[in-house]
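There are two complexes below, and they share chain A, which is joined by chain B in the first and by chain C in the second.
Right after this comes the complex of A and B.
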């Protein structure tokens, strides 16, 4: 059971890594928010559920540990409520400031050094 | 300058004390307090009761704006049934985006675009839930949403753009008991 939870945590960390790589590789401000959202949703979901499983399986099913697991799951719930709002605020700020999104037609799909 | 307002608030008691939202807010706050503190002795519980009463008095009219609760239990139940489907969608979209992130020719694969559509849902809560679900799913971000249900969504590629509004809107509409289309 501990191995299962470690596997889940490792999967979460892999998604964190992929999100960081995505933020670097994607071409512009708006598209970089997509991998950032990946960190929020999948990385957090996997690593936190892995931690909750680890607490329950390694330290035993006592009341305190169940409460700790509930608190860890509450982190996921609160981030799932707030993260879309924050992302929307960032996108809205970009649109209001007049930044045009990167599109394939305009930039030709090749590596454009100006972006 | 200091003229009194014409009609303070006769029948519906606008700024007055409303017991039902107060009790609901208090119960939610207290459950959160107990879950986060984990201590069930008199001292910590009484501290919780005092702070929850103060917070509920100040903010119960902000947290709960409707005065009727008909259909609430069914709504919460349907929302709980919606959650597993949403998490499944999030996982699928994440795997799709993971492929894009590690794709060697990234700039040929993605096709960032802004799409617009209109939802026929009318309830504010349903519109916001749908917008947050779109943003929570990687590959699509809600740029703006009007009170009439006009959505502007930034999608990272064609596959992400095609899935909207689609099934997610139908499911959110079912949760809130709305017509969709």
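Right after this comes the complex of A and C.
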């Protein structure tokens, strides 16, 4: 059971890593928000549920441990509610402020080395 | 006059800088604070105040004066923002936007124009920087705000046992109101939590804190020595100190919440309380 939870946590860390790389590497504001949102949703879901599973499997099914697991799940629920909303609001503000999304056409169809 | 003030400032600053040399070094293990004061707090905090969180017992009990004037400083900051920024204005002083709901036409009313009634069912007031109806954000905030407020109350009440207390809980409560003001609009937030209520709550918080101290005086003990409240609360002196901390934290939470909301109202609308962010 510990291996299962470790595997899930490792999956979460993979998403965190991919998200961090994406925030740095993607070309513009909107596309960078995508990995940023992914960190909050997928990375947090996997790592937190892995931790909840670890608490329950390694420390036993007692009342306090179940409470801890429920608290961890609550964190995931609240982040799931708020993080996509925040991403939505940020994108909306960007569009409203007149920031045009990045397209390849702008650079004549070739990769711009400055990005 | 300016010259005299300059001399006073330079003199005070010079004196302060001159005497910093007499302070013990930063982190000096042999300084007076580290030889008897901190060990006393750590060893006797739990037995004296029945609060496992030493930070809370030091903050609200041993050094209650300090925290009381911190709360007063927070309140003074709110007042300062109010006096500097607040501008009273009559409706019609600035151009306003209204939407005629049956037809969907947006009206721009210039200064001095006739405004529709405040509670008109036909015209709805719009912010001049028009923001369309954001159903996702509004509904998420509607779901999240009650949980933020419950968590804030938990942080205030659980300050004895876990990180937290009046300042943190008050900030969380204020954040829930500011979230409401951002997700809906400033006028609606002001209708729910008017400016007068903010001023009243702010002064009430400081009054709860100082009043607890005065009550201790009336019972024949030192200012803010909560042990004196034991007969009033009907508990042992140690538990009275614990309860005293809680009462004081509630006062702090009131003051911090009201003042932060008040400052937000004034800053976000440039003191006009008309159109927010």
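Just so it is clear, the second predicted complex is superposed on the first by the 108 of 115 C-alpha atoms of A that agree within 3 Å, B and C clash if a C-alpha of one lies under 4 Å from a C-alpha of the other, contacts with A are read in each partner's own complex, and residues count from 1 in each chain.
In this section, a residue touches a chain if its C-beta (ideal position, glycine included) is under 8 Å from a C-beta of that chain, and two chains touch if they have at least 3 such contacts.
All values derive from a computational prediction rather than experimental measurement.
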Exercise. Should A:27 be classified as contacting the first partner (chain B), the second (chain C), both, or neither?
Worked result: first
Exercise. Between chain B (first) and chain C (second), which does A:92 come into contact with in this model arrangement: first, second, both, or neither?
Worked result: both
Seminar exercise, completed: The chain contacting more residues of chain A, comparing chain B with chain C, is B
For this session: Classify the contacts of A:42 with the two partner chains as first (chain B alone), second (chain C alone), both, or neither.
Result: first
For this session: Give one of first, second, both or neither to describe whether A:80 is in contact with chain B, with chain C, with both, or with none.
Result: first
Seminar exercise, completed: Check: chain A residues flagged as touching chain B and also chain C 81, 85, 88, 92
Problem set entry | Touching residues (chain side chain C, partner chain A) in the complex | 134, 136-137, 140, 143-144, 147
Seminar exercise, completed: Listed in rising order, chain A residues that touch chain C in their complex are 78, 81-82, 85, 88-89, 92
Exercise. In the complex of these two chains, what residues of chain B are touching chain A?
Worked result: 35-36, 38, 87, 90-91, 94, 97-98, 100-102, 106-108, 110-114, 131-132, 135-139, 141-144, 154, 156
Exercise. In their shared complex, at which residues does chain A touch chain B?
Worked result: 15, 18-19, 21-22, 25-28, 30-31, 33-35, 37-38, 41-42, 45, 64, 67, 70-71, 74, 80-81, 83-85, 87-88, 91-92, 95, 101-104, 107, 109-111
